[in-house]
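Next, two complexes with subunit A in common: one pairs it with subunit B, the other with subunit C.
Right, the complex of A and B next:
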């Protein structure tokens, strides 16, 4: 972290109480973080009996290639989403052109598409037997290269993950860079020069944070990479698990993913640097966009249209066609309503729980800037780069242990001795928390750093400290950021598959599960309707987030 | 410490919610953990109608489902584990989550090579993994065995699933059982030398053959049947591999009663029903697999492919040699 441990016992009156408070905060944060980190620690615990023989085998046969494939994917997706997201954000923030007001929110929409859905649509359209290549073969007689492999999977993920960069970068351009960019313009510097010299350096933390999220998603993905036949570490984890029936070795492999997550988070922190100068005094106006005319306006509009066409319109239209061919009957419609309701409330509950924990941990970090608190919270957030199924299995251990203990206690007083937590919603929520805490932490953190520390000091000197500082000063200021985080988490958890699948109560089904059941049997048409619904349910919160992140200016 | 009080309240509320959500075990029901997710299973509904015993299903992937079953241990609500691929069944039996069932009904309905020698699981539907080809480009006379797909004449013309795909692992595993590792390694090496196009999805392989991306491939039989049901003119044909000699490789989806089943009697009754001619007929008609019960009839499309000789190696060997098969594929560079 950028900040050094704060010298303790400052001159302000309530120093001793604050120190005591900081100790409590460290402890509470430590406990929460430890609980969240439990399934991740289980990954490390698998090293008690190193599977030397399997490691040797993997090293000899594929590990170097797999690590290479993983790094290539991360670089591709990271670079792709950073370039695409930043460029689009700059266009929308700095210029006005036909459609720009619509593009401003519409460019977030691809985030509503789960990567695996985007993957099977792109594959269906662009593969050899798909309509496009068939058409080219019939008319021109050309055999186009196969979309499978690194290129296809990188393209797919870039198209669905670039909004992470786009949202953060756009806000940074509009709000943080406004003053300096206006000054540059008044001195005659605008366009590319201002972009490279001022906007990019100022927005760097936001851009890298978005890129890191995209890369962690790519690291944890299984569905999309196996669809395109691109081998990554996550794929090898599953291969070892399913193909050699060796979960211990698979778990050891999965711990390598933690290493990847750690590298990404470190990179993100390193580029964040001293962010103090980024604090935008509240009330400052947003960046005033310049109006583009002629060829430039056409170019800007077509660039945005082009991205939207491939990343959103194409998949939605393809899903509509499939859904149309399948048709809708009464039983279908009924199960469908149930699926929608199940998905929405489960994801809603998850969003609330994760955001609460996110606020608690981000706030603990602000109060107590010790290395220990920093490290524990950071470790707890690493689940974002670990595949859902690995986390789900990691969650099973602590969960069943707790169940047995509770059952033993209840049994001693003559109560029911059934398992309560495993296969209950609590288990799923816990898994979601482990998997998505990073999103909450990033979101709340980003909002929190925009509140100047001087405000804390001022509040304390007026006798407002501790929990009241959070309740009366910070929370009202954080409202927008927290709401945005809630909604983002809602979209994320709705798309989640492996943990939901494994930990759910018997009978509970979500849209993502329905899609999986169909697509794993290649029933694309059957999967189209639930996929469309998932996209539509995800659109609402995304549109609200877009409004929230546009900043306070009107 | 007000803060801790609400934390405690939260924990209690959470446990209470969990208790409400996890449904109480009803008397007359069978809980099935199933890695078979082909949509509705009319046979399950028919069972409930006949016996009054409700069937509750939790679907999932084979590996994770087994982990849940193991973790839940003696408190698991599951009565039956239903999964696809004999390797997965073998692995579940090895993990100790399945218990042996002595049932004359099951023994007479399910052929010996399609069930566990220790009676811990029973195949319920059968699928053949065999050669599919484009009749415009390939004549049946050019085709013979899985091994012969390593012939250089198929260079650049072969489509395969990845070696990580369970049915291909099981196929290679049965090769190891029959031919030993060195010979199997040569067979797979032959395939790899032909630079197969690796495609994710049996249906996708069939579509690739139809479109001319490749001329031959290996897929499960029912995927072709489903495509033919939609379009009778779908331009891909099936060839029964290894016919004169060892027979075509078959695999099963099957089930066993869990070690800690609470409704053991109902669970056995459920399995017996699923192996009956009536239920077998439903499987054959909806998922277009082969019934294991020889008295049940196959779907007309499937029947159109004619009778064939099955490889009668017990499908359990798919599990026994699975790890070896995966390693072998890794060694020869089969992706």
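Right, the complex of A and C next:
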């Protein structure tokens, strides 16, 4: 044929030696994973120094109480979220009642409230001079019990963390159990009996995984437990470090906390593995809900409405009232704007850094399917289970060492001796990277797996490989996934408190820190506006995720 | 003339000491030829294709494309992007973010030549009017044709098809197959198909290779492999087959249904054999006193497929015109009319007829 274009280059590329480009990818992934794992390894290294005295002291003074308080909190929050989340998920998945379509997504909303915001709103409402107590006192002459302590923290965290269980359980009910529940119905078992006999056992892995996530959050929390005066390991690490400047004791405590985190991680991972087997086969339909009528419909609607009111509507309204009462004078407005800009900037920088690393690791995993690379990337993503306070303490070790080394070198050549990394924004960004890399990896991975391998192969057989493959095929297809990941990370880092508190450079303030400082002085009205800003920002990813899951369902 | 593709003793095993997916496989494809590899799943046909494309490396043997060594077991390896081999994938693998035109032009160098070539390729597959649409706006058959146009656009030395029509509905399949065949002939493109569908292989290939356990068991013209299979596997894989036991005599093969002539000259007199019988070789005539009986009748639209039970209990398939209405239970006289006598010694060894 005369119009045949000339083949690219020579007819067929000359034979080249076997290139092991996969080796480079494996190495790069390994290096990133090692850097990310450094803070945790530094903590484990603390066990090398025998600190018998410190442990003896800790044991005698506070450890039993602290460990007890932590375990009590974990049990309370785990159980509370599982009961509340599973019950709501079952209602929404198995029944139709007035508002159920709205509740299906609205019941996730409490997740937008940082636990410490929910906490201070509850404290403000329940305090002696607060609106609720005053009302009850005036009308009934009673005095409500103080909610400081275990009960208050557990209630607060259950209200904001139950959506973890709710989302996973709802999906499990809707998608996994559909056919089997229909079978149960056809055999004469429906309603609560089918729920107990079929749905719960089937969804158990999802429920347990959700519970584990809620407990991880509870373990990592600093703001709420401090507000309510409940002693936990995280809170003790912070106090030991920032209050008593006892770095060795804090490091030892942090390593103990790390063990707890790994236990929860193991629980979550183990159940996540089982969940895979129960996934709905493609094309099978979802569970068809039964329509509730009369009193039962009213009861279902009231239950959902009640939870939503307490866990979302009332806190937001209370915040609005406080913000309104505080008013917005010029100085307050200026401080707030500066705070907002600083927080957004820091979170933005963090989101970009973490996403870049996430893209690199996810891409490494695609290019090199070896078990080693899979393991390294999974290892690098474990930070999501580790409390921010632990990561902060772990980050400080290596950074301080690096600072000293650099300072010594500079001192030797007569340069200025100063702290470079420890007091700079580098420390915070590093801690964020360790803590949130999993979010990035998951987000990018989810987008990447939707590009079938045959797409890569088609491009390569058409002569497009390497960087051009990335630019012409992968990046255009990943754009949406990367944008969503950036946004998620931006919001998560904005809300982060413990690591930010421990690592922030002098003078740096975020919305979360402002809330922490104001609420520790019980200045609820001052904290209201920053809290509202965080809630608003926190709603964005929820809406995105809701839209995404809806998109995949159709 | 140099063959366009030479695979010599290629081998590829997966996993640690896993059994080989491709085992000492050799194949030569002449320029402009269309070869179809067919076999059950797990026979190694897709691995063979991926070895040629460069998505896998051989553990043994050599692969040459248009006279150039592209892979061997030692060091030589040309990556897929430099092999100049087009691939049409089972899932089409069209780029969802690019228009049809941009998909077809993907493998072409930028420049003035690009657009005319894209248009020419789309004309070839009859899709000139959809160049500005996106893949998801097309039907499955259209997507398939775009995939073919895209693979053909850079005028590859060789075009590979991986189960290309298995994602299409039956009626669409015929139509797309014709378009593809025309496009291949018009561009004189050398092509290698792999498929599990024997009808598709027989229709598409200038030659058909039947694969099992990592090797090509038999390769030849479609009617040759169908009518003169060299093994029971090939005979059974390429269509309905039954085996009628017999003994080789001087005058022919003595069977339950009488002597079958000519006898197979390669097999010694006195050998017990199985004679290959296909449904269209079996003639039936209803007769009250006959020993055979119709035990099953399946209406298949264009034919009626009976199962005949011989007095010995042996079941034979029998194809009759669609209008036949003889009911199950009817006694019939059975005759065998073979155009090609294919017999395999009872021991199971294979011999050329």
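We take it that the second predicted complex is superposed on the first by the 320 of 554 C-alpha atoms of A that agree within 3 Å, B and C clash if a C-alpha of one lies under 4 Å from a C-alpha of the other, contacts with A are read in each partner's own complex, and residues count from 1 in each chain.
Here is the rule we go by: contacts are C-beta pairs under 8 Å (C-beta built on N, C-alpha and C of every residue); 3 or more make two chains touch, one makes a residue touch a chain.
Predicted model only: the values in this text are computed from it and were never measured.
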- Does subunit B (first) or subunit C (second) touch A:245, or do both, or does neither? first
- Kindly classify A:526 by the partners it touches after superposition: subunit B alone (first), subunit C alone (second), both, or neither? first
- Which partner does A:505 reach: the first (subunit B), the second (subunit C), both, or neither? first
- Message: Is A:403 touching anything from subunit B or subunit C once the two structures are fitted on A? First, second, both or neither.
- Response: first
- Quick one: name whichever of subunit B and subunit C touches more residues of subunit A. B
- Task: Report the residues of subunit C in contact with subunit A in the complex, numbered from low to high.
- Result: 53-55, 57, 65-66, 68-70, 75-87, 89-91, 93-97, 106-109, 113, 116-117, 120, 150-151, 154-155, 157, 160, 187-188
- In the complex formed with subunit A, which residues of subunit B make contact? 3, 14-15, 17-19, 21-25, 31, 37-39, 56-65, 67-68, 71-73, 75-77, 91, 94, 162-164, 166, 169, 197-204, 207-208, 210-211, 213, 223, 319, 322-323, 325-327, 330-331, 333, 335
- Note on the structure: Seen from subunit A, its contact residues with subunit C in the complex are 1, 3-5, 7-9, 11-19, 452, 454-455, 457-465, 472-473, 476-477
- Message: Considering only the defined contacts, which subunit A positions touch subunit B in the complex?
- Response: 57-58, 61-62, 123, 127-129, 134, 146, 148, 226-229, 231, 235, 238-239, 241-247, 389, 392-393, 396-397, 399-400, 403-404, 406-407, 417-426, 467, 498, 501-507, 513, 517-518, 520-523, 526
